[in-house]
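One structure follows; several queries about it will come next.
As written, the chain order gives the labels A, B, C, D, E, F, G and H, with residue 1 at the start of each chain.
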Amino acid sequence: MTEEIIIAGFGGQGVLSMGKILAYSGIMQDQEVSWMPSYGPEMRGGTANVTVILSDNRISSPVLNEFDTAIILNQQSMDKFEAMVKPGGLLLYDPNGISHHPKRKDITIATIEGAKEASNLKNKKIFNMVVMGAFLKVHPIVKMKNVHKGLEKSLPERHHHLIPLNEEAIKVGMEKVKIIHDLKKVAAVN
Amino acid sequence: MTEEIIIAGFGGQGVLSMGKILAYSGIMQDQEVSWMPSYGPEMRGGTANVTVILSDNRISSPVLNEFDTAIILNQQSMDKFEAMVKPGGLLLYDPNGISHHPKRKDITIATIEGAKEASNLKNKKIFNMVVMGAFLKVHPIVKMKNVHKGLEKSLPERHHHLIPLNEEAIKVGMEKVKIIHDLKKVAAVN
Amino acid sequence: MSKVRGAVVIDSEACKGCDLCVVACPTDVLQLNEQVNSKGYNPAYPINHDACTGCKICALVCPDMCITVYQYKPERVA
Amino acid sequence: MSKVRGAVVIDSEACKGCDLCVVACPTDVLQLNEQVNSKGYNPAYPINHDACTGCKICALVCPDMCITVYQYKPERVA
Amino acid sequence: MEQVKLMKGNEAMAEAAIRAGADAYFGYPITPQSEVIEYLMMEEPHKRTGMQVLQAESELAAINMVYGAAACGKRVMTSSSSPGISLKLEGISYMAGSEIPCLIANVMRGGPGLGTIQPGQSDYFQATKGGGHGDYRLIVLAPSTVQEMADFVDLGFELAFKYRNPVMILSDGAIGQMMEKVYLPEQKERLSDKEIVKLHGSWATTGKPESRSRNIITSLDLKPERQEIHNIHLQEKYKVAEENEVRFEEIQCADADYIMVAYGTSARICQKVIQLGRKKGIKLGLLRPITLWPFPKKPIEKYANKVKGVLSVEMSSGQMIEDIQLAVKGKVPVEHFGRMGGMIPSPSEVLNAIEEKLISNK
Amino acid sequence: MEQVKLMKGNEAMAEAAIRAGADAYFGYPITPQSEVIEYLMMEEPHKRTGMQVLQAESELAAINMVYGAAACGKRVMTSSSSPGISLKLEGISYMAGSEIPCLIANVMRGGPGLGTIQPGQSDYFQATKGGGHGDYRLIVLAPSTVQEMADFVDLGFELAFKYRNPVMILSDGAIGQMMEKVYLPEQKERLSDKEIVKLHGSWATTGKPESRSRNIITSLDLKPERQEIHNIHLQEKYKVAEENEVRFEEIQCADADYIMVAYGTSARICQKVIQLGRKKGIKLGLLRPITLWPFPKKPIEKYANKVKGVLSVEMSSGQMIEDIQLAVKGKVPVEHFGRMGGMIPSPSEVLNAIEEKLISNK
Amino acid sequence: MKTAVITPEEIIKKGKIVFEKTKLMNDCTLSYCPGCGHGVAHRLVMEVVDEMGIGEDTIGVAPVGCSVLAYEFMNIDMQQAAHGRAPAVATGIKRVFPDKYIFTYQGDGDLAAIGTSETIHACNRGENIVIIFVNNGIYGMTGGQMAPTTLEGMKSSTSPYGRVVETMGHPLKITEMVATLPGVAYATRQAVHQAKYVRKAKKAILKAFENQRDKKGTSIVEIVSNCNSGWKMTPVESNEWLEENMLEYFPLGDIKK
Amino acid sequence: MKTAVITPEEIIKKGKIVFEKTKLMNDCTLSYCPGCGHGVAHRLVMEVVDEMGIGEDTIGVAPVGCSVLAYEFMNIDMQQAAHGRAPAVATGIKRVFPDKYIFTYQGDGDLAAIGTSETIHACNRGENIVIIFVNNGIYGMTGGQMAPTTLEGMKSSTSPYGRVVETMGHPLKITEMVATLPGVAYATRQAVHQAKYVRKAKKAILKAFENQRDKKGTSIVEIVSNCNSGWKMTPVESNEWLEENMLEYFPLGDIKK
């Protein structure tokens, strides 16, 4: 199995660390992983994105122009990446701040009110975990126990007390994710 | 006609300027000329030499390993260059300070007491002109009127009053040069 | 008596919500908006505009030159 | 009374005839040789050796370390 | 014990330096490789192994600090990115000339000039033909995974000391910035000063005991006769390296009709291209030079007699292609595909290039 | 009026710069080219033409002074020798990237490192393949007489402005230090600031009037898409130069069985070799590249179909030979003869090399 | 109160503009982080150039650093220089354009680390230029590494446990250093994090450009500024920290005039 | 007088050697011009190293300049450094050999022109090394070009009509400059053209090496010397010129201790 993911949003939304936790979780289940960020000053204020690949085999190119899953957290990223989702793939996004919603019919589309849920949880910082939870609900590519290990690995010791909070956020994400265009269903219907 | 000359001695003996005056004299009679000095700090105290070529045709290599004429002013240079004179060529040297005199029989050998004559003329600086005179006597490759022009060209204006003195030194050299091994004579005898 | 009055116009798209003007304003005219602009920043706006004296302090400290300041000296009114 | 006496040995091949020792010597012991050495320099030598007190001044200023200085304090002679 | 971690290429290189028993690192920040010194400063290797880390005031200072420390027989490393490497070239030429072993990493970005901070491969000539003045060579290692970023550090040091010559790790911003799974080597003991004297006392400036004549580190010889002898010695050394140190990887070359030659990030992309191509029934292979100097001439020459064409894939205007052509000697077409200015080629466009430049063109 | 003088190559270059209407020279002393700045300081060109001459505190400062002045559309020159040129490579890469016309002379000495102050030709790769980082090219002129040292200054400036690219005069210590007869060109008027605005106001930083948008000199573009477009533009420019600017001289090549390829001092020696060889009945010819980049590929390719072998003669371990081989494509044997470390090959040893490596070997 | 009835809208309509962006600053968003002092410094330089009416005769040099893109923001002819070399580049320009106004705009890493030599020798030659030196105590552009000006104990990405002077050296007061050179006509240290400092800083920049007009030699205006991203603080926090810590080691005021 | 009968020969036989070349100087002729101060400076450094008994633990760094060949003359381990980079090279050595004695031996062109940055930052870090700085006011090795220390009006091959400070800058007192840095423990200016100065210079060099032993930081010993070839004078004339002109602008004595 190989899963090719792009996560894109504003700098400061925790895009890169979400990717890192996913990658670590992959390692925890003995997969090959790669994590390729956008980098440099243009990230200042601007958008940040990271390409994460989890695979059972040696990973060839860490840089891709089409993805199995796109996790989109602002309009610029929506404009850039909607078209790059492989037919049959998944596009997950946070509607807050999105003016033009995705139109594609050949992919599964899901939404998660990440920002809202995070502020309900009184912690903007775990916004990205809510989103990751939503993703893992739709695409359970890593087991929760590996996510737990992934969190342990990727968070510095001094932040380990925050792991439960993060896991709660993931759960919330899993509950609150909405599939607004389900390919399988569509398939079923026809 | 092409004349390939090496002039070698201690730094400070006026080796380079002698070469320059010869070269300029060549230009004055519309010849091609090249003047290739040894350069760099090793000249400090040590030896200096210059390869001067006068030719009626385009000059190929400015760097040579055999010469028509070698003008030798110290022992190191004698050791280095005696062997590089072409058979039938000329070796002119100042015996003062020479311990091992040249032994070759296939070349013309001449001497000039340059240092002595210069101090007779109460001017160490014109040592090199005495030697040049000696050379021009044996090998009149440039006419005196061109040497005169050469002096004018190569000496800065402010030193032009010294030209007569230099020319006198050249004359002295012409008078005092001794041919100690004359190939032509040898040829005649056999 | 007539008191000098001021007003500010803030380019909310250029504003990066750094809060410097808000803190600098001596009469607490400004505040950051809850709503983010298209760049994801919370831009400043005059919440207490009548208090503005047009002292320019906000504009002097604004790194992004988002603020234009107006001043008006009304005629004494009987 | 006994006066301290000195003497110098100058490596005339190492000497470059810079003249510094000659000028420096307070008792005019040294002078440059007319004859050049193998490098073409006129080396210094003690022309007025008896005047040498072994003060080392020549050696201190010699850039080429050509000078070795000796000193001798003769016993008082009756 | 071996340890698996998720690390950036730059971090892996830094951690590997500590574990390789490096004695010192001197560097100056520049994107996309600043994580190397940042990681080292965070790790405080002087507490772990005694390794010294210093942020120099400039690349010039950094390379000359390396010169001084490495000339003492120590394991010393520096890293930078394209513009910073240009500033280090005088020092690199000096080290090659004085036969000082050291490790230099260039995490390339797009040029020329200030260019961009995005990945590039346009310093190939500079690294392999000697960007600095004079006849010298660097042994150039080209990692294409984060694992190799770690592995090539110790390898680099070993080669550097084996040949008493600077070694360069020629990487790029993508490999430096990406994270992958990496198995870290075990910690090597740093050599004690005694051991260094024993191993390198014949040449290194370790302080001159009565027992030996002084050691001099220099690239100068004003006598051209002697300077030439020194140059001939260097050239003979390089010849030995050319015979013994060529490293490369062949991926599905055995049955390939066309081979791509690529290193670093480009080589990663070409692996995807092989998949795409073979899906389409085009038999593609990849020859990945691991040493860019010495360059795998012979193996490429070998394929020149078997395949229908060769594509050089570089993030540059085409530099390595010259070494490929020198190996192929006109036997089969050699074409170039590249992106520049920080752009990374996509697998599909590389495949198109093969179809257009090599296949349809015959 | 034309004037004949006996001058050193370095002096001829300096005088030619004044006469070419150069606006400024910035340099730092280094043997064997210090006569350039010494001559200029003695001549006081600010009194003759208004040309500015400044001794910089370093090569780094010098090349960046050139950057600033040349980016104003002025005719600006610098010169150095091998180690100093290495220090200038970052700046040179910047100028190529920002498309700044200027003239750089490298009076080569033997390397690597401090090497020797005697003549060398081991910076060929550095000059022709871009010693600095990134994909850029310099137009490289190789004088082999003092006359050409003078002539190539104005030619160099013309090419620099024609292509808005740095031009390098690649000379060596022998040509720089030797004196020959030289016919000096007439004095060109320096351009007035008005004329410069007229000629170069479209790009140069001459001060922004209301009438035009601002001029920016930069090699930076953080957006790789745009940086790539800039790189493609540069590559197209270089292609045009490759088609139009190749210069070379053929000496007795017409009936030659063997040709030598050599530039600069080596080319002078090879002319003597032709005489010696033909005396012995060996038909030799010399192809002398005048532009090392763009390299005379086609003419050499042409001879590859006619002659029995080619000898590359360089004062290096063999650098230009790669470009010859790329042109010859294995059609006939290509051999190298060179001396290193400041040694100058003698005509007789070159002839021996031809006899041993090319003639007896067949 | 009567006056209160005048609405802001009316004021904007009837009143006069007492502050607006100078026309020499282009209408594009600055690439700087929110609250970064570079923006104010840019504005002041352009206001001075504008008010002196020398925009047509001014050429700026911005080397590498966060302000490398200054040429995008300032509406005059500009050159982007290599890291640290701006004073040499400015020297080159000034020598061929002696009557134009040349300024460099450099960060502390640029001017006081890699560019030390170019800075000192340009000042020593008394090049008739203006050097704007933005001292934010860190390498901003590259992500907050230690600069020569980083304070003792101050954390940066290459001094994560604080600057240790024993091994990393002392924070360098290069403006004081160059002030000792005869070629330097004017050396001053200013700030822009509060309105009162902004006003003073502008006067200093004006004086520097007037010196150039009067051919007095090198003028260097150091501006102590924040790098809130590099310092890992909010803009407001960073300005408070600057006031309390930076100004103690880097006191404001004229060092040489 | 009786004593007179003792001949010099007897004195040499019976007397004791009060001065001889230190064994740390090799028995080969120095490459320097007759009368050049480098020879004395070399000797003093080696005498100090010898007398401190640290020859086995001393590593010297000689960058380009006439003294580039110092490694031929000094019988210790030495590194030849690139022009201007000796302080960086010495830093590298010292960081991996903290207990060895490291010194650089640099000319004025090397230390104060191309090497300005390396000099200042090594001093600012307080690298625990000794810098021997031979200031002869000119570039000797390359044939007498102007140095940063060339005096106003002084002729050189690149200032043939004398140094013009307006365009070429002022002679740089870099020792005074680095003395202001906290990292510098000792900065002094000495000379070697007369015996009395030679004695003082040796004491200064001793103190510098003792500072290194005691880990006090950077010590810089400037030695004002002649370059008679570059100055186009006889050695004796050059030393007189030095005494009358150089010492006025470069006064001798401790600048910081």
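Odds and ends about this structure:
Definition applied: a residue touches a chain if its C-beta (ideal position, glycine included) is under 8 Å from a C-beta of that chain, and two chains touch if they have at least 3 such contacts.
Just so we're clear, the structure is a prediction, and the values are computed from it rather than from any experiment.
Farthest chain from chain E (centres taken as the mean of C-alpha atoms): D.
Here the largest set of C-beta contact pairs joins the chains E-F. Per-chain Cα centroids separate chain D from chain E by 61 Å. Per-chain CA centroids place chain D at a distance of 25 Å from chain H. Averaged C-alpha coordinates give centres for chain F and chain H that are 39 Å from one another. The mean-CA centres of chain C and chain H are about 64 angstrom from one another, to the nearest whole unit. In chain A, the residues that reach two or more other chains under the touch definition are 40-41, 45.
Multi-chain contact residues, meaning those touching two or more other chains, occur in chain H at positions 32-34, 68, 80, 82, 113-114, 116-117, 121, 141, 148, 167-168. In chain D, the residues that touch at least two other chains are 16, 39, 41. The touching residues of chain E, counted against chain G in their complex, run 28-31, 34, 37-38, 41-42, 44, 54-55, 57-60, 83, 113-114. Contact residues on chain H toward chain F in their complex (touch as defined above): 64, 68, 80, 82-84, 113-114, 116, 139, 141-143, 145-146, 148, 157-161, 167-168. Within the complex formed with chain F, the residues of chain G that make contact are 55-59, 61, 68-69, 71, 74-82, 85, 88-93, 95-97, 100, 117-118, 121.
Chain D makes touch with chain H in their complex at residues 2-3, 5-7, 9, 14, 16-20, 23-24, 39, 41, 46, 49-50, 52, 54, 56-57, 59-65, 67-72, 74, 77. By the touch rule above, chain H contacts chain G in their complex via residues 113-117, 120-121, 124-126, 148, 165-170, 172, 176-177, 180-183.
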